[in-house]
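Across the two complexes that follow, chain A remains constant while its partner is chain B and subsequently chain C.
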Partner chain A sequence: MGVSSMAAGSDAMQLQLCVFDLRRGQQEGQELDKILFFYPSDCPFLTQLSLIGLCEGIITFTRIFSPEAACEVIEAEKHSHVFYEAEPDIWMVLVVEKSKDDEPVWRCEALQGVLKEVHSLFKMFYMSIYALLDKQPSGELARSHLHSFITDYLSDFQLGKKVQMPSFRDSLKERGTVQMLTVSREVALEVQSLITAISSCCNGCDSIILFQDLLVSTTLPPDDTTNLFSYATLRLTPHALSSSTSSSWSYLRKGNSTPNLSNLTLLNEHQSRSLDASSLGQNRQISSIPRLLQRDKWSKGKDGFLVPNFSGGESTPVVWNQQTEECKYLCVYQQKGITVVMLVPVSSLANGEQELVQVKKEFLENVAQRVTIVEQKLSRGWGGENAYHVSGYRYLLIDRDRSVSRATPTGKVTTLTKESLLYLNKLREEVDIEKWRWHRDNPDQEKELEVCIRAKNNAWVIAKVTRGKELYMVLEKANETLLYATDAVEKFSNRYCEGAFSMEY
Partner chain B sequence: MDSNPDNPVQDQDPASESDEPSPADPNQNRTDTTEPDDPPPADSDINPTQTSESVEHNTVEPESSVPERLKSLTLQEPSSEDIRQKHVSNGSLPADFYASDEIEIVEEEEEEGGLASSSGGGGVVTWTNRSDGPPSPSSSGYAAEGGSSVASSGGVEEETEGNSDWGREKKHFHEDDGSDSWRKRKKHFFILSNSGKPIYSRYGDEHKLAGFSATLQAIISFVQNSGDSIKFVRAGKHLIIFLVKGPIYLVCISCTDEPIEALRGQLELLYGQMLLILTKSVNRCFEKNPKFDMAPLLGGTDAVFSSLIHSFSWNPATFLHAYTCLPLSYPTRQAASAILQDVAESGILFAILMCKHKVVSLVGAQKASLHPDDIFLLANFILSSESFRTSESFSPICLPRYNPMAFLYAYVHFLDLDTYLVLLTTSSDSFYHLKDCRVRVQNVLAKSNVLSEIQRSMLESGLRIEDLPSEPTRPPVERINTESISTQRTVGGSAGLCHFMYKSVYLNQFVSSDFSAPLKNPNQQKRLYRAYQKMYASMHDKGTGTHKTQFRRNQDYVLFCWITQDFELYATFDPLADKAQAIKVCNRVCQWVRDLENEIFLYAESTFSW
Partner chain C sequence: MQTRAGSSGSDALSHAYIQSPPIRCNIPETKGLLYDDGNKLLLSPTADRVLSWKVGAPTEHNPPNSDLIGEGPALSIRYSLDQKAIAIQRSNHEVEFRNRETGLTFSRKCKQDSERILGLFWTDCPTCDIILIKTSGIEMLLYDPEQNSLHIMETKKLNVVWYVYTHESRMLLLASGMQCTVFSGYQFSAAAGIVRLPKFEMSMTKSEANSKPVLSSDDVHIVTIYGRIYCLQFDRVGMHINVYRFYRDAVVEQGSIPAYSSRVAVSSVDNVILAHQLDAKVVMLYDLFLDSLSPISAPLPLLLKGSYGTNSRSTSEESESISNAYEGMIYVDSWNFLVPDLICDVDNGLVWRICLDVEAISASSSDVPSILQFLQHRRSDPAMIKALCLAITRTLILEKRPISVIAQAMDVLVASYSNSLRSGSIPSATQNTGNRNNHATDSGVTSEQAIVSADRAKSVIGDSSSIVSIRSPSTSDDTVNPEESEEPVGDRSLKSAVPQQMASHGASVAISPDEMHRFVFTLVEDEMSGDPSYLVSVIVEFLRSASREKLKLNPDIYLMMNQLLARSNQHANIALFVSNKIIEPSKEVAMQLVDLGEQNLKIRKLGLDMLRLLTLHHDYVSVLLQDGYYLEALRYARKNKQTTGCGKMPEVSACIVV
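Right, the complex of A and B next:
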């Protein structure tokens, strides 16, 4: 594995992330061919091979007993290895080093969520790793794409020299979900007419609208919405554009310092430039890979549209809609707090990007005014970053069916003690395992679970799962009785969850 | 529960992993006497492990299966070769473990005494298979009855339910890692050496699993070589738990939905059971020869391990780390304790009177205390070894929590079908003395009707939730705050109470209610047991500490757990139970247990030892 040997040499060595293809490098001496991505890239090949050897061994071993479900985690005293089979036989493994006091600081599913997110985003721009490997069987195309993409993605987790993965402190957050803005009926009608106006700009045009870092509306199916929402909050929203200012109230992102991974990526860029790669789903020839996750590469143009300025090319990025299996141009219009992400089908524009100018023009003429009105109305009703704080409660509410979550604002979560967050992290891990079991045993049957723990530090740590909805809660200053805690949950459920978690008997 | 500061039960921290004997251990030095330089001659005809007063008859217990009967019949006339084989089977230990002067007195002729092997049923069978083929110490006479387990499509069930047949159920010997049925078994246990040699496997022939064992070793070593230590792997519903104990590796592969902590605890007990038979001195064999093949040392102890593994799915002692007592009237238990105390003063380290898995009375020498895990492992060893039932035995055993390095000597005698006396001593030549003590104890117990009281208690049911008093008999000392609950009175069961377990923290003892009507089915009981396991793991987190209360509701139950300095209460209710009512019933259960504590718990240890 060699993780610890590297850890000794460098402070920054807290994390390894690799992507490998089990179908490749079957011949002895060609094992390196398995590796599609390895972070850190300066890690010695022997160490890389050692880690992949262990992972491959464990994958093969666990299949003896569990042919239907793949290996998910290897837990060792000093490291956790979290697995995600991104595509058949293509594995992503994240290795995180534990802190010295051996606290259970991570949740396996939260770490898997990171791998899932980066892979989903990758697929949004490049269709799949498979597709890239098919296009160029030597693997260089896939390697160079993965390298720039994952490295850019990891820059968001960088704190100083270290890459900081989501820990117990993020127990009241849920990656891979969308955070919605609640709007009044009046505003909702305005938004609806705005959506209609956008779709009339161009045939088959989809859109998602965000206000600050919250979703206002979408015309996309849930998976595509989640991906685009993640990308928007990472790179497009007003907050993301000014990400050099460190304070963040985004639910999932930390404030970040300027990335210093870029020098690593230059290496690969050089390689990729030599490839005559074509982007996917279309015949657009490009000389190098547009690094769509690179930070600070979107800037606001005079007309309100965001201008991409990626080192791989300045053309409008294209995204792949999983649901409709369609390539679409990504056009982003921003006005103060509101961000409109338009997806224009590539196939609908006979002359490609040139025609896109026409679409934008039409937007500015017919839609921009409506955007201004909606923005004003949303701003007026906007309660600020603590809008969804509920006094006395620290909560996370997840609707799995819609991939939507709402939570106590980050600033308020930090008032909880470390212990309470650790308890919640542990409870969430238990609930995760229980949910996996349900899913495996009987995926169709609705299951319910309620857990209320009076913890050592007298906090109530609560989890409720019912009909695809989950509620996690920490009550630190609550009364000691279980009935009081139950009552508090009941009140919350009735007031904020339309009674979804209320007792029925 | 009243705290008793004078209680001599040393709180030997179950989590403590110290390899060294406790410094407080007065018998530490005796270790030396058990590790002689002068082993008995290899071809000695004397079984060093155990002596037997009575011949093992081929009388067959009513529940014995046909193969069991056949087995007994084949044993009637052991061949001379069988007798020779005896030295490497059935818990016989290598020379390192014995002093020549520790060879036990044989009361009967060797030909007969040899039949009563220390490892009972499983081991006895092995001899019949030895005459041909390689010495496969755990070869089973049941190899041919492979069809006894039915492989279901969703995975092969664990051992049969119920408590009666586990001991004689053989592992599925025809299987190996290539068999589909083997791969589908819900719970595997393996013990192997750090060179990858198989020592024990719950299912299949260890020898055929050599390759598999080497794979396990490779995984563990690979991670070790990087300066880390592998703890578990999860894949779907499968958990693979690793436990490294010096040169011994233990692995559990399970899809039983038990928590990691519980499975790790089971591996610890498996290791403890192995130490009970061999002591930790076995490590020395690996120091001398890393390729040392340990499997023969445990030959014939299959029944011990299968009964231990079976208890992981029914005996709460395995995760509560507490023992349970047979309910008896206070004077009756006092009478038993008095005579045990009487004999204990004559150089006996521990005198234990037990009925099945329940303690009747327990007396220790001054300042010596028994860890509940040791009691559990000792009882399992005795109850799963058929020979203890049929003969008066004197056997070296190690109590891993007391002193993992040294053997004690256990004199075991069954006073009736279920009740047995265990006298533990450090002296290897005390057989006759212990026998005399036993006769004294037996006489007193018979005269004072203790034995008949024990039998009566066995026949009667224990705590029935239907008997829960409707009103506390006196104000409770400590109560869960129930200010706002309704005052409606309910009787036990009607508030939805199905079952409870109560552990007295100071006494290291627990009591659990009988299974009532909704839980009569063994499968339901096993599911409840696993739910308790989960609750225990959730409440006792090593990293973050022990929680105070927990309420958990799913489709099957409402589970309630309440932990204080004095006690731990685990109660199960109907899934629709009302919280307020459930809390009220929990308070009443605690009060009820306190009212009955003189009968359901043993206080003798503190009363007599000081």
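Right, the complex of A and C next:
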């Protein structure tokens, strides 16, 4: 334990993440009750309390001036504190260490994006933190859920022994957006028809279809789509499945590769803590939480459906629709590159999961073959991992209206120099602020903005924002004139964005 | 679906019926009825004359034509195809030829002892006019009307027991052998000349060890369906009907269909095969389009129906009385089945035409896609069949049948439309050539009738739309104009092309995408206000079929989709459909999105993006101005050198200054 706490201690310097409820622990001596989650979990309570105390103080203070949006970030000398009010009075705060040199390594909005994402995934599976607190006012239910969930979520950011938050190297990515596969009209119609066939398997059944790690179609509203898409790309797609199986090749190796967040120790540690506060009955409840973000828990069954294998809980996971607050079974069917995520309303099945077998059977009988056909068509038109690479350009394209983004593939981004990426990170930070200000002053109108920067390393770093669409671009080894840069953007815009960014002066 | 008013006895279930009133040929002193299928003439010889009725012409009150043929027996009478001469078979050894203009006659006789004349027919084959079939072989003869003489062009020596020929197919089958199961086949067509088929043998089930049944000419039927030529051979012992199809270089057995009677007759109505089970007094229907040998429907009796109520009252009353009198006489022994769809009642001197009750057929099956397929292949009364197809499709949607069924139905209808576009039966500049090519490639032995029937379909269309009011009830739609069928093919197409193209407007069976939108989706939408997403799924299936056939669609259907999606608040779906072009961009759609976007900014932007994509500069600038994006509008206008939208520019500059 000593070794692990030392390791955790050095982590604590680098990253802290906490969730707390301002309404709780109002009386002196009960401050600990505010804390719903703290990472690292072996951090001394005193440290935890002092961080939460600081945050609470700042929130209370800034609320005087801005009751709606209290505090976004504290920039201290050595740390950045990023705030996110997940639910009213329930705050998530992420503390990251600043680098030694001047350049900011993090972008506030990207870090907030992480908090947003983990929270909306949490909501998808457990409705909300509020709901859990309501269910069990002592908070242990919420704590145990948050604990396992966020810990599992953070395991994806783990790099060696450290938890690595998205940094400037990820500035050509946008968390919380969906990446879509571009298909021909003919295939789109085919897919749409498949979607209808899927929904006829069961009344009120929603579905999203992915090909590789890209979304093909959805019947869900945008926010649900985004959540389910994130989950699918994290845990369900062929890519996600294969990467997790490779890491869990053997128990031994698994133990080696995830030393810090080894689930078992965390759970033990947590249980020992919860024993203090709660009864034995609740403890049993805790151990039966299905840990839906745990790795390696989905495996492909013989019939093509993915089989969940979570410790405890129901065998078929349940998700919540954000708008309708409807509870649905999560069924995943996979065939080669295609992943069909079906959401079957719990209320539509009188006998619960037994009837789900019937739905699956019907799917296999009537739809599975069409999935094969669509898969073949999609893979025929699929340009591979680098399909959306445009040579000479390193770009990120965001459509805010549809929460869709497309970017240069990760492999190609790594060819950029650190300098260019740092510039881009900085530029994006500026654009974020500029957009935020504009929105505050002109709620009805959208920001139009264009920035072209010639960086010290002679790269062009470009940002264009127009009517809900954003384009970020890095051009290295490019000609030195501004005309060249704008021309390059123009070409790109006409070719790949239907002329959305083509505005000349 | 409520076209029939004055039908009698229609409460009974039936898929085929004979239409009252029949053609009456029961004139006293006549001796029997003969049929000349080359000219579609019903012939009734008297002592020294022959009376003739044109089948299909309004015969009700028309007196028959009469020709002098002199005294003597007449085993068969055949008018030449130009109707200038008459050939009368007087005996087994003598045929008399009579020039109708000059009245001159001469006879051709054969050797009394060694051969017998089995029959003859006139042909439009380029090398000869008459084919004479004898027990010792066939003679191809050229007729010279001026000299009133014959020249032998070619003879083929072979043993013939009996023969079968139909002018419709131009096919001659010569039976030989002990059991008469060995066949030689010839086709005499205007286009391809004489085609000789390889010899082939029909199969017969043996009854007992030693007795070998002999095939009778009554049991072999040549049927022309969809321009293809089939032969149906009734195997009395095996109680089934073998089906053969003729190709230029082969005869291929297609399988067999069961028989339920010891006597079977075959007709074909509108490319449907009717197998009359005479003893069982039922008829079975087969559609060989997709080479399926399963019947379309259950065996049901042939009915007698009165005329359409549209004609004068007296006629229908009269027909009523005939119907009543004739009831119970269906499939009597004296019935003679004529090619392709006539029944001649020799005893009563009546000729009936068989009709299909497509409504009854479509009502009797629950497999809607295949019924639609069946209907789309029918050529008679296209307007009615189209209306029926539309009604069936509407019902399908209103009943909310599974989307998979709808998808199949859409596939059928759209494929049929696209086929008729390609084959040119829906008017287009290349109508006639397209038609001919199509048939030449897809039917093995190209029957002359292939072209005729295709053309006929068109002339039918002309009939129904233009002279519907004067049409006598006995005139079926399936009528070839007399003048037309006798002219050489090239000539005919030239003459008929223009008026037929005009006439066939809107009278094809095929349903265009536009009609689908107007007569199905729009009507259905009004009725089923509750569930837009079901209708959207239906339309998506339609779009899928249309895209498979590469049909161009009118923006109306997309406007409707947007409307439906917006009504059910599926804005994300609109965005998805627009972005993957399921909803194809057009100015109409763009402007609709802009309007729908009054409530939803994202939708408005979709419309705006579409305007820019379509380079509709003027509209794009106008919408930008409306939304208050003055700078962007100005920039865009300048960039695209757009001056038309700049009438508003002064106001704009004013706005900016303010």
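Here, the second predicted complex is superposed on the first by the 448 of 505 C-alpha atoms of A that agree within 3 Å, B and C clash if a C-alpha of one lies under 4 Å from a C-alpha of the other, contacts with A are read in each partner's own complex, and residues count from 1 in each chain.
By our rule, a residue touches a chain if its C-beta (ideal position, glycine included) is under 8 Å from a C-beta of that chain, and two chains touch if they have at least 3 such contacts.
All values reported here derive from a predicted model rather than from experimental measurement.
Enquirer: Taking chain A as the common reference, can chain B and chain C both be placed on it without clashing, or not? Answer clash or fit.
Expert: Fit: chain B and chain C sit side by side once superposed on chain A.
Enquirer: Of the partners chain B and chain C, which touch A:E480 in the superposed model: first, second, both, neither?
Expert: Only chain B; A:E480 stays clear of chain C.
Enquirer: Quick one: is A:S66 in contact with chain B, with chain C, with both, or with neither? Answer first, second, both or neither.
Expert: Only chain B; A:S66 stays clear of chain C.
Enquirer: Output check: A:T414 vs chain B and chain C. Expected answer is one of first, second, both, neither. What do you get?
Expert: After superposition on chain A, A:T414 lies in contact with neither partner.
Enquirer: After superposing on chain A, what angle in degrees do the C-alpha centres of chain B and chain C form at the C-alpha centre of chain A, to the nearest 10?
Expert: 130
Enquirer: Once chain A of both complexes is superposed, is A:N309 in touch with chain B (first), chain C (second), both, or neither?
Expert: Neither partner.
Enquirer: Could you look at A:G499 and tell me whether it touches chain B, chain C, both or neither (first, second, both, neither)?
Expert: So A:G499 only meets chain C here.
Enquirer: Please indicate which partner A:V451 is in contact with in the superposed arrangement: first for chain B, second for chain C, both, or neither.
Expert: The first partner, chain B, only.
Enquirer: Touching A:V183 in the superposition: chain B (first), chain C (second), both, neither?
Expert: second
Enquirer: Report for A:S50: first if it touches chain B alone, second if chain C alone, otherwise both or neither.
Expert: first
Enquirer: As a test of reading the superposition: which chain, chain B or chain C, is in touch with more residues of chain A?
Expert: B
Enquirer: Tell me which partner A:N203 touches in the superposition: chain B (first), chain C (second), both or neither.
Expert: In the superposition, A:N203 touches no partner, neither chain B nor chain C.
Enquirer: On the combined arrangement from the superposition, state the nearest Cα-Cα distance between chain B and chain C in Å.
Expert: 6
Enquirer: Taking the stated contact definition, name every residue in chain A that is touched by chain B in one complex and by chain C in the other, in rising order.
Expert: 448, 505
Enquirer: Can you check the complex and tell me which residues of chain C touch chain A?
Expert: Residue positions touching the partner: 402-404, 407, 537, 540-541, 543-544, 547-548, 572-573, 575-577, 579-582, 584, 602, 605, 608-609, 612-613, 628-629, 631-632, 635-636, 638-639.
Enquirer: Can you name the residues of chain B that touch chain A in the complex?
Expert: 177, 183, 215, 218-219, 222-223, 225-238, 240, 253, 255, 257, 480-485, 534, 538, 541, 543-555, 576, 579-580, 583
Enquirer: Taking the touch rule as given, give the residues of chain A at its contact with chain B in the complex, in rising order.
Expert: 1-5, 50, 53-54, 57-58, 61-66, 68-79, 102-104, 108, 419, 422-423, 426-427, 430, 436-437, 440, 447-456, 458, 480-483, 486, 505
Enquirer: Contact residues on chain A for chain C in the complex?
Expert: 182-183, 185-186, 188-190, 192-193, 196-197, 200, 217-219, 221-222, 225, 366, 401-402, 445, 448, 466-468, 498-500, 502-505
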